[in-house]
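The two complexes that follow have subunit A in common; it is paired with subunit B in the first and with subunit C in the second.
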Partner chain A sequence: MTALSIFFALLFYAAMAVFVVGLVCKIIQYSRTPAPLKIPTTPAPVTQTGVVLRMASEVILFASLFKSSKWTWIFGWMFHLALLLAFFRHLRYAMTPDSMLWPLVNLKLIQAAGQYGAYVMLIGLLGLFVRRIFVDRVRYISAPSDYLMLILILTIAGSGTLMSFVAHTDIVQLKAFILGLIYFDWQTLPADGLVITHLGLVALLMFIFPISKLLHAPGMFFSPTRNQIDNPREKRHISAWGKAIDDAEAKMTVD
Partner chain B sequence: MADFEVPELQEIPLVPHIKEGAMAHSQPYIAKAPFQEALGFPGELVENWEEKVYEKMDDLRKRYRSFQVYLDSCVKCGACTDKCHYFLGTADPKNMPVARQDLLRKVYRSKFTFAGKFWTKLGMPWMVGAQKMDKGVLDEWYSYFHQCSQCRRCSVYCPYGIDTAEISMAAREIMDSIGVGQKYCNEILGKVFKIGNNLGLPQPALLNTLEGLEEEVEEDTGVAVKFPLDVKGADILLVTPSADFFAEPHVDGLIGYAKVFHESGISWTISSYASEAGNFGMFIGSYETMRKAAQRIRKAALDLGVKRIVFGECGHAWRVAYSFLNTLAGPWDFLDPNYPVPQHICEFTHDLIQRDKLTFDKSANDHRVMTYHDSCNVARGSRMGDKPGGQMEIPRAVIKACCNNFHDMPPETIGEATFCCGGGGGILTDDLMEIRVKGAQPRAEALKQVTENNGVTHMAAICAICKSQFTKVLPYYGFTMDQIVSVHQLVSDAIVLTKKD
Partner chain C sequence: MVFFCKYMHKLVTLAGVSLLLPLTSQAVDLMPVIPKAKGQQCVESTDKMRRNHMEYILHQRNDTLRKGIRTPKYSLKKCIECHNAPDKDNRVAHISSKQDHFCSSCHTYVAVKIDCFECHADKPKKTQYHPTSREGH
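On to the complex of A and B.
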């Protein structure tokens, strides 16, 4: 057991804790904050099923972004799709062949899609980066953190792509390290520059997730303009604090 | 004519390159102390106002999910940057929706986010786009949050549905709470609470106006069309923007409603107590103020004993009516459950057309080739009829029922993509004329296209603000005032009246 392995083991526990606790806190905050008024962007669905379909078209297809800017849409969608493919591919490093999901995760299609999806991800990210620099409007609204976020994810994607296609690491040992984290049976991490870069930055990404604009992921599910049913005339919508104002006034009238 | 440069209309609308600070000088007059205090706001900038800003921001983010979620979620993707009519007309980058939001978001970040506080402590708040509240920021707020008409066009295109209107409303509410209010909105709200309408038209003046209209219509048509005021026991309470009582072309719309009511045979009345559809409480973002104005309509409906409520042609008013009235002044269980509460006058007329209850002589409108301007808050903040999108279809169906010639403007400028007239959301004041003219540029370009390609002569609208704004600003672009008409003006001109006892 090397000092590096211990450091990374602790780093990942800490990162996971911050990621999960931070995200859960944010989700609780969003769900507990009242939405006092009906503000769906219309035309909006008039049924719950309609809202689910609208939300699905936003989450899966980025429908509103598609309406807005085809370049941002194609680069953004490529990146997020590749992210999903990469996630599925990486699952094999976190489970043993006796896991229920193994046959699925080990499918040739899933593995190949995840691997070649790396290029899709890099193209998407580079596209977004170039857009941020060269479109004067987008450059104007960009803070250093916006560029750094892209650089961070690009570096994660780049180091992963290199390990996949150019300089293989000791993947068996790496998998042992990760399974060791899950089963609290720590193993040695291969002391390989690419692995350390990749994992270190993934941990950093997990740390900043709940305190950065990456909150768009949970946030979009709570967006009242997208998740509300358009039925204000049919059904009275009232928040707890709105009702308190009503009640206080009714009481004053009675007194 | 203008002490600023009027933009030239383009054949194909172009997205301009940014010009920093182009509109930084634009600020509306500040509300004087008596008007502030009448609404329960401090009369002037309070001591320790920076702290008060943070306190109010904290209060709002706990009461409005939209505010909290939208402050966190923006990824600066740029999707909204070319969508605001004020940006397209001025090229000022702070008129890009995301940049406008960031004026407030940077303060939120500096005070309420870990990243913002962290980098602020290190003396590098710009790393994450954070900035503490100071006089310069407040100045920018006052300038740029009064260059947003709360039209929601940006929210259509945002991948997370972030609505800059929500941020603008919050910013204005925060500014009101520290004593920095806008003269135009707050004076008007004062009139509503004191007299009953935005124009400060008292009951006798209103009665006089309506009697004058009765005489005028009878002279014109030979039919005694009534304009009832404060009639107890009428079936319908009509709530309409007070501009309808005398402004042009608004009043021609009011005459149209009266003729439709006349033909329907259903009794109706206007209330002098609630003689205003427009609810400026929304413009200043204050739920309590908006509620107080809405409660007047409830009281009028109860006092007059009506069975239904119908709203006249008004955009932001219809949003407040359709989306918020049930929340703010409901439940409406004392009204006839067979009709939606409230109902739009276009829904009312459309229903009669569907049931063949109205007769039109469409040739009366043959001297016009029509197009239709979707008002922003009707299109993106409300509905008409049972189906999504009815708010676009029903007004067009009404126009087509009484006009032979109709052409829509380019699809990217109507429907949910419609451009605001440039005067909505508390901007319709002479001290903001430059931003009003420049904000109307995208609509003027679309109108010019159909004028040249389809011979369109007139544009109909269903919003008091749109009508006032267009009659004032379209002449800057070479159109004439009388090219703007009310939808129910077209109805009025084509409807065949029957004599009734």
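On to the complex of A and C.
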């Protein structure tokens, strides 16, 4: 076992802890944030099923973004779709061939789409990056973190693409390392520059995820303009703390 | 991040418990069992072969097929003769056997499909498949 392997094993346990705990904390925080007003953006669905469908169209197709900016939509959607493909392709490193999900992971379609999805991801990210630089009103509101986040993800995607198409690593040993993390039986990490860059930056991404703009992933579901049913007349909208005040006042009038 | 402070003691307990997990987790074969080759020395170092064997074979294929260049160094036939050598009964493994076939042992492990053997033989000439080595038989 090399010192590098031990360092990366510890790094990933720390990154995973921060990622999971941070994300759970944020989701708890979002779920407790009051939404005192009924503010679904109209035209809005009038039933719960409708809200689920609306949310699905936002999450899967980025419907609002499509309506507001076609260029941002095409690049953003390309990136996120490629991210999904990359996720499925990377699953092969985290499970053994006797896993229940293996037939899915092993599909040639998943592996091939995941591999060529790399280009889709890079084009999407580059498009979003160019947008920040060349669209005046977007450049005006762009903070350093906006650029840095794009550069971080671009470097992760770039190093991964290079490993897939240009300078290969020992993926059998790499998989052993990843499985070793999962089964608490540490294995050696192949010491290639690209692997170290790729994994190191992924760990960095996990560390900063819970305090970054990437929280739009869980945050999306807590957006009151999208997750509320348009029924203000049929049903009174009242938050928990509002109800407490109501009840107290009602009690006072009775007294 | 107020929640961090609020639940800190619980988190510390959780972290402590998770450190004990290695004691309870069961042993799993983390590396594939790779059948041994017949020869002593490959055409390149193990490190190079593990990373780039597909490039060598692919380039060889294009050079041989399109330009007629046939060099003995990177020859799939030679790979197979050494890595899927027959046992004393002249039996060899079938490509579908992920335990016994050299190529499949790793390729199954990392979900990489190989198309070499759609055309090429996965065994040396004049050998027989081991009767149990075909998956699903």
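Convention: the second predicted complex is superposed on the first by the 249 of 255 C-alpha atoms of A that agree within 3 Å, B and C clash if a C-alpha of one lies under 4 Å from a C-alpha of the other, contacts with A are read in each partner's own complex, and residues count from 1 in each chain.
By definition in this document, a contact is a pair of C-beta atoms (placed from the backbone, for glycine too) under 8 Å apart; a residue touches a chain by one contact, two chains touch by 3 or more.
Quick caveat, the model's predicted, so the values are computed rather than measured.
Peer 1: According to the stated criteria, A:29 is in contact with first (subunit B), second (subunit C), both, or neither; which is it?
Peer 2: Both partners, subunit B and subunit C.
Peer 1: One more residue to check, A:135. First (subunit B), second (subunit C), both or neither?
Peer 2: In the superposed model, A:135 contacts subunit B only, not subunit C.
Peer 1: So in the superposed three-chain picture, is A:17 touching just subunit B, just subunit C, both, or none of them (first/second/both/neither)?
Peer 2: second
Peer 1: Quick one: is A:185 in contact with subunit B, with subunit C, with both, or with neither? Answer first, second, both or neither.
Peer 2: Second partner only, subunit C.
Peer 1: Kindly classify A:215 by the partners it touches after superposition: subunit B alone (first), subunit C alone (second), both, or neither?
Peer 2: First partner only, subunit B.
Peer 1: A:45 contacts which: subunit B (first), subunit C (second), both, neither?
Peer 2: A:45 contacts subunit B only, not subunit C.
Peer 1: Looking at the overlay, what does A:77 touch: subunit B (first), subunit C (second), both, or neither?
Peer 2: In the superposition, A:77 contacts neither subunit B nor subunit C.
Peer 1: Between subunit B (first) and subunit C (second), which does A:223 come into contact with in this model arrangement: first, second, both, or neither?
Peer 2: Once the two structures are laid over each other on A, A:223 reaches subunit B alone.
Peer 1: Looking at subunit A, which partner touches more of its residues: subunit C or subunit B?
Peer 2: Between subunit B and subunit C, the winner on subunit A residue contacts is B.
Peer 1: Subunit A residues touched by both subunit B and subunit C?
Peer 2: 29, 211
Peer 1: Touching residues of subunit A toward subunit B in the complex: what are they?
Peer 2: Interface residues on subunit A, with respect to subunit B: 26, 29-30, 33-39, 41-46, 50, 58, 62, 64-65, 67-69, 72, 76, 128, 131-132, 135-138, 140-146, 208, 211-213, 215-216, 219-220, 222-226, 230, 232-234, 236-239, 241-242, 245.
Peer 1: Write out the stretch or stretches of subunit C touching subunit A in their complex.
Peer 2: For this pair, the touching residues of subunit C are 1, 3-4, 11, 15, 21-22, 25, 27-32, 47, 50-52, 54-55, 98, 106, 108-113.
Peer 1: Which part of subunit B faces subunit A closely enough to touch in the complex?
Peer 2: Result: residues 15, 17-18, 20, 61-66, 68-70, 72-83, 93, 96, 98-99, 102, 113-115, 126-129, 152, 155-163, 166, 287-288, 291, 322-327, 330-331, 340-342, 379-383, 386-389, 391-392, 416 of subunit B touch subunit A.
Peer 1: Can you list the subunit A residues touching subunit C in their complex?
Peer 2: 17, 21-22, 25, 28-29, 92-93, 96-97, 102, 105-106, 108, 111, 167-173, 175-176, 179-180, 183-185, 187, 211
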